[in-house]
Amino acid sequence: MKKIKIAYIGGGSKEWAKVFLNDLAQAKGISGELALYDIDLEAAKRNQKIGQRINKLEKTVSQWDYQVYEKIGGALINADFVAISILPGTFDEMMSDVHAPETYGIYQSVGDTVGPGGVIRSMRTVPIFEFFAQKIKEYCPNAWVLNFTNPMTICVKTLYDVFPEIKAFGCCHEVFHTQDFLCKVLEEEKGIKVHRNEIYTDVTGINHFTWFTKAKYQDIDLLKLLPSFTDKCFETGFNENGSPDLYLESPFAQANRVKMDLYKQYGILPAAGDRHLVEFLNHNWYLKDKKTIDYWKFALTTVDFRIELREKRIKELQLEAEGKKDINLYTSDEEAIELIKAILGFNQKVSNVNMVNLGQVKDLPIGSVVETNAVFTNDQVIPLIAKPLPVSVKNLVLRNANNIETLYEGIKKRDLNQIFESFMNQPLLDGLTIVEAEMLFKEMIENTRTYLDQYFNIDQYLNN
Amino acid sequence: MKKIKIAYIGGGSKEWAKVFLNDLAQAKGISGELALYDIDLEAAKRNQKIGQRINKLEKTVSQWDYQVYEKIGGALINADFVAISILPGTFDEMMSDVHAPETYGIYQSVGDTVGPGGVIRSMRTVPIFEFFAQKIKEYCPNAWVLNFTNPMTICVKTLYDVFPEIKAFGCCHEVFHTQDFLCKVLEEEKGIKVHRNEIYTDVTGINHFTWFTKAKYQDIDLLKLLPSFTDKCFETGFNENGSPDLYLESPFAQANRVKMDLYKQYGILPAAGDRHLVEFLNHNWYLKDKKTIDYWKFALTTVDFRIELREKRIKELQLEAEGKKDINLYTSDEEAIELIKAILGFNQKVSNVNMVNLGQVKDLPIGSVVETNAVFTNDQVIPLIAKPLPVSVKNLVLRNANNIETLYEGIKKRDLNQIFESFMNQPLLDGLTIVEAEMLFKEMIENTRTYLDQYFNIDQYLNN
Amino acid sequence: MKKIKIAYIGGGSKEWAKVFLNDLAQAKGISGELALYDIDLEAAKRNQKIGQRINKLEKTVSQWDYQVYEKIGGALINADFVAISILPGTFDEMMSDVHAPETYGIYQSVGDTVGPGGVIRSMRTVPIFEFFAQKIKEYCPNAWVLNFTNPMTICVKTLYDVFPEIKAFGCCHEVFHTQDFLCKVLEEEKGIKVHRNEIYTDVTGINHFTWFTKAKYQDIDLLKLLPSFTDKCFETGFNENGSPDLYLESPFAQANRVKMDLYKQYGILPAAGDRHLVEFLNHNWYLKDKKTIDYWKFALTTVDFRIELREKRIKELQLEAEGKKDINLYTSDEEAIELIKAILGFNQKVSNVNMVNLGQVKDLPIGSVVETNAVFTNDQVIPLIAKPLPVSVKNLVLRNANNIETLYEGIKKRDLNQIFESFMNQPLLDGLTIVEAEMLFKEMIENTRTYLDQYFNIDQYLNN
Amino acid sequence: MKKIKIAYIGGGSKEWAKVFLNDLAQAKGISGELALYDIDLEAAKRNQKIGQRINKLEKTVSQWDYQVYEKIGGALINADFVAISILPGTFDEMMSDVHAPETYGIYQSVGDTVGPGGVIRSMRTVPIFEFFAQKIKEYCPNAWVLNFTNPMTICVKTLYDVFPEIKAFGCCHEVFHTQDFLCKVLEEEKGIKVHRNEIYTDVTGINHFTWFTKAKYQDIDLLKLLPSFTDKCFETGFNENGSPDLYLESPFAQANRVKMDLYKQYGILPAAGDRHLVEFLNHNWYLKDKKTIDYWKFALTTVDFRIELREKRIKELQLEAEGKKDINLYTSDEEAIELIKAILGFNQKVSNVNMVNLGQVKDLPIGSVVETNAVFTNDQVIPLIAKPLPVSVKNLVLRNANNIETLYEGIKKRDLNQIFESFMNQPLLDGLTIVEAEMLFKEMIENTRTYLDQYFNIDQYLNN
């Protein structure tokens, strides 16, 4: 039994903690301490109680010592692994990020990665991650750091830029869902039923705008099954988890129509949910107006819905913490614990990961953060060379990657002018004039300045 | 007196031939044959007659033997230099290029470089330049080739791609005009009056979307004079050749307001006319609608106007050829003859030029065609390393450079799908849905298919 | 049971076939045809008989249909995998390769990779591999090709250069032995006994001149164990398979003294046998004279010894084929079959491999052949990004990699002058004058011209 | 008349000052202050007096105010230009640099660039140039810095590495002499007599190991004249300044036999003196022993000779300073003043220059210092893209460039181990064993430690 310490920044999490605690409890071969840190101390304590209850479950094979720390240093010191999963700012700021642009006719389905929402969220996030990177450097420079926070690319970029020796990577499950989709395609077209771990997908791009350049089950080319599959399913849409019309009721759902449409145009398959993909593309392509969005069958996730969901979730967690509700262990499809075990030398694992580009994606800038496969093994995470993107797709991805690099540098220099240059070059804002873009930018900064004032000279900029 | 042969492809030219013959007549130290070739044989003969009249003028210092050839091989054989200045297709096709997109709300001020017009024009141009490159390879592989045809980048790319050993470069005077503008700035701000040859501008980018990263007169930084200058002139505009409102009557005029606006945002100065610059940028920025265009004070050059101008010009030329109108030699500001003399070893000259990127522009793809300074000297044209662009400008230029590379490859492969991918990614078309973009693309192809059918499988594509 | 066809070029092999047939017989889950092709038909038939006997052994779990083909096309057609393991030329030519330079004071421990022997052997090998690549393209373009022939780098380069879409890689077990060495170090220093599959080594460089930039067992840094280990073992030497003085009797043995010496100087560990390493370095460093060689405790493998060994081996094989000698299956440490099964989707495997550099080694030329780790999985072999070499080691490797690229291009162009430029720049020949180098080069070409005359204009060169 | 201040570091120079003062006196259009700084104050004052005498000469067109400063800051403050021409250490250290290796059979013809002498000299030089760079940053960050000191590459690298915004370049006249040689070739072969400014040579490589990839007079290819020329002159040799046997009496002379030999092998012409070229190549090629050296007809410049020359020179200078010897202005072939005037905007000039590689030499590392052509013009020095080297020459140059980069980094980090790695990889030392190389290295460090002790931990290293 290998004893380790995992620090959990954002340990008061209402959503992702559930999976993490569940998977930890079932992790054979490892145990130790889970050190919870959160600016919401009560939430961390709630998760501590839930953890302690899980320890007593019959199905639990691995016991963890759940500790809550009021200071980040306490959580980090001697940590072998650090998981970061936070909300930068509150839902109030996110309300502005997602919905303020609607006045200008700009809809966002998620609003946390790129587009106007992604830019403003990044402005709040980078300074926080600068702080995390410094603390990790100070307290646990040899720890492995797993980031789950969005905007993923910007978070991982900040960690490496502030502390270049950091052993960090970003995990995202969007790719898994597209793998599930491909397994369904294999089943539909060939009658072969496999788990996504049995296929191999060559993934490349940037987080939430990744692409499968190749996908194989043994020597069956899964991408070549798509023409026949889309002939049948493009019109109605296809949801690997249920009805293609699920999006009408579930604000996280999509029918893969955008994905299939892009496949038809470009010949390779995007590897993220439609709600994410559309935010990297010209505003008029898939997000022009409500009618267009409905045509493509994906949901806009409102912040009101997120708030409602959170309230419901907190109630549940409270009941679980107080022992008024049963906790049931289940088999998740997340990989975090498996990756940790691979790094500890238990097994070897290939999975998709967000890391600094050392040449694994030849078409994107060296030093930018990219998402490709990597090998996880004895104290190492090593990226694989990704296959090249078709030239037109490369152009689309590169435009966004360059925007993000420009944005990051602008935030790092606290240079609002350069940040705005990235903002006005967002594909989602291509329908605005420069003057409109500037009005919107100032409005969104004004709305969220509680989290910006200490880092940027907002007054000067707004009065300019 | 050095004897040379210059082949002139498009030697029936109505506009550019005037300057060329004028400058040749005044070129001390060189003489020889000017071999005119044009699909409009009569026009070539007209220029021949004009040339023969120029030979007899008193101010003429250099006699030329004006020959007209019915076949391109005759003009090219033994040529030391080849000048290419043609109109790909006719004004009928250009009418569609420039005006067909207006139905979709897309205005173009020139329509011959990028945007929908530039893409379709490229489809006509590449096959013609493939033919030129093969003929040059066959008849005069050691000749220096000067291209003056648009779309410049695509033309030069084709020449090098078909015949990599070619000694070709593309000349464009847009940069000269911005140098004139800077000389005016120097005069206004410092009271120093100089010719543009006395300042040094570091130029980089792609044709018609070039930028001055540095501009110096001795140790005076000309770019640093701009804030004070624009404070005075931005509102009214400033035209280095006359009134800022000249654009109201002259369809080639502009008031440099776009240029100054971009300088204010990005800190470096675009080095092409405003009419060209706006076509590389989001449709809504400067070309949103007639009101916006008027606000920025530049003209849309209609094809009707071009036709009218040509008619007028032909009448003049006819009179000149028949000796019914006097021909007066004048001092032009074009450099073609000076460059030819530098290549012959008469002098050494640094000027801007379009050539394949061998590393002179580190931020643009190796192998793409870029515009930078080069040294012209004994049988050599050697590009200079350009200073890097600010990151946000680099993003804008790179997007267009990548689009052009994608377009060129698509045309080379006769792949209408890839050509469309470049079309739909044009900044000028960012306001269209994919479906609208495809409708427009098919319409424009249909309109101009006379020049496309022999190269592309148009029927199949349109019926798809 | 997955049915496959494996073509074996060089199927009359006397050495490597033994392992391959042994491992095939024990390969659960696959069976099919092994198609033997060899210019020595009798040898192929002998192996066929041995294979048929193996089929009947009790321990055999996988039956194979052993077929002999007189023409290469028959062996290749419909093949799923192609293994290439040949001797380019005969031991007569190798006699010259290895021993002719001794007259000039140049000793070679192997003589088949770089140095004078490697260069001349490459001249024989490239044309043969050009032929193989063309035949593979013709008969089985989708087959996976495993090369085991030396000079490895040159062989793999030829395959990819002639047929860029080929799915080829080169396998070499030198790295495995250094992994075994590291396992011994771990055992000596920490008392932990593991198989080499349980450690992870980050490997980079070119074949036979590879380096471990990192080596980990869980979180134990194996390279950090070396100072203490070498303190104890450097003087006497250390052989992971037996006595450090084994080299006195076994012409393939070595005592890792060169390896440890290079580690002491450069801080990272070479990952090939000492006999190979020394051939990439200045002649005076480890191969100056017999005394020096003895000091470093490695053997020079004479060609006489190789001939003797082969004779002995043929007798054994004959007895095995005729059923006069028992065949015993055993557990080999080779990975070829395991890699084949990984490619078929049975499992996922990370191992070292020779492939074209797509960016996996950033310090070596893109397009050259490098050795790094790769993931073997469903119809894919994907290189991993290797860690950078220390700058001084990079210089040593790059010099050799550039020499090989120059050599390959020279052979491809049949340009004896360029081949000589690579020859005279070999580290092993740095002690010769240019005139001496040229004499030796001509001598070695003369000696081996039977295999060169059909490809190169030898007469003209020698008489020049 | 433009008034400027030029700071002259090493202003007590005995040799180069003569040319500089001579050229300044004849520089139309500029005058001002020449600020002399030297650790040998008397020598600076002597040059001051000579300058003041020059001011009174009839032929003098430009008066200069010659000032001597005891502190470097005084010389640098407000300087527009800084010239650096120093001897790092004294001739005592140079005696060891050049002659200590002779015990090991290693002859050096110059010993100040690469090889054992170059490495040890670099160890003395880098710390001095670190100091200069810091002072320039402090006192005159906008000044243009002209370096004339060897080792040129290392000096320029240091300046840019310490102060990246520096406007520095290195001037070397070796290229001029090879241009003179080519002019002689043109005269011999074609009967055309021109000055080197009338031909155009494309130069690339690193200082003292540069190559002409192309050389043209008008459209005459000068390199193509060489086969016929070398047929006639290779055996006897050819010295553009006199008899090919001049080397027997003049220790700076050479007969271009090495240059012609390298041309015959590689097809392009080295552009430095033979004495320099041979030091970048394998020891046995041209410097094997005295007999070989004599065969190739170049001189070894002993340090005794340099000392003698200096003594003679000082006597002359003393007489000139005291007015006991006439000073005559003459026409030099140096370009420093011409370059200064070009930078001031008087004219535009293309010349060879040592600068940081921004892409002008694609085959050498970005960031290393390379020698190519550049344009000198209004406050700018801009490198030109150089033509690629043939692959075998590239290998030779790259090996040396990488060695220099490794050396520089080693000195920067004060890491004697890494410095030794560069030392042992010098082509001139390829005949030594590692142990011999280490003995020699320690000996040479010991000999020159007066200048090393304050920067390196010599004791610890020597006792290790």
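A few remarks follow.
A, B, C and D are the chain letters, set down in written order, and residue numbers restart from 1 in every chain.
Following the convention adopted for this analysis, a residue touches a chain if its C-beta (ideal position, glycine included) is under 8 Å from a C-beta of that chain, and two chains touch if they have at least 3 such contacts.
Not measured: the values here are computed from a predicted model.
With contact taken as defined at the outset, there is no chain that touches subunit B as well as subunit D.
Seen from the Cα centre of subunit B, the chain whose own Cα centre is farthest off is C. Rounded to a whole number, the gap between the C-alpha centres of subunit B and subunit C is 56 angstrom. Mean C-alpha positions place subunit A and subunit C at a centre distance of 44 Å. Contact of a single residue of subunit A with at least two other chains is seen at no position. Arrangement of the chains shown, judged by which pairs touch: one closed cycle in which each chain has exactly two touching partners.
Per the contact rule defined earlier, chains pair up in contact as A-B, A-C, B-D, C-D.
Listing the residues of subunit B that touch subunit A in their complex gives 261, 265-266, 282-285, 288, 292, 391-392, 394-396, 398-399, 402-403, 405-406, 409, 417-418, 421-422, 425, 427, 430-434. On the side of subunit B, the complex with subunit D involves touching residues 198-200, 202, 214, 216-219, 344-345, 348, 350, 358-360, 362, 373, 375, 377-380, 382-385.
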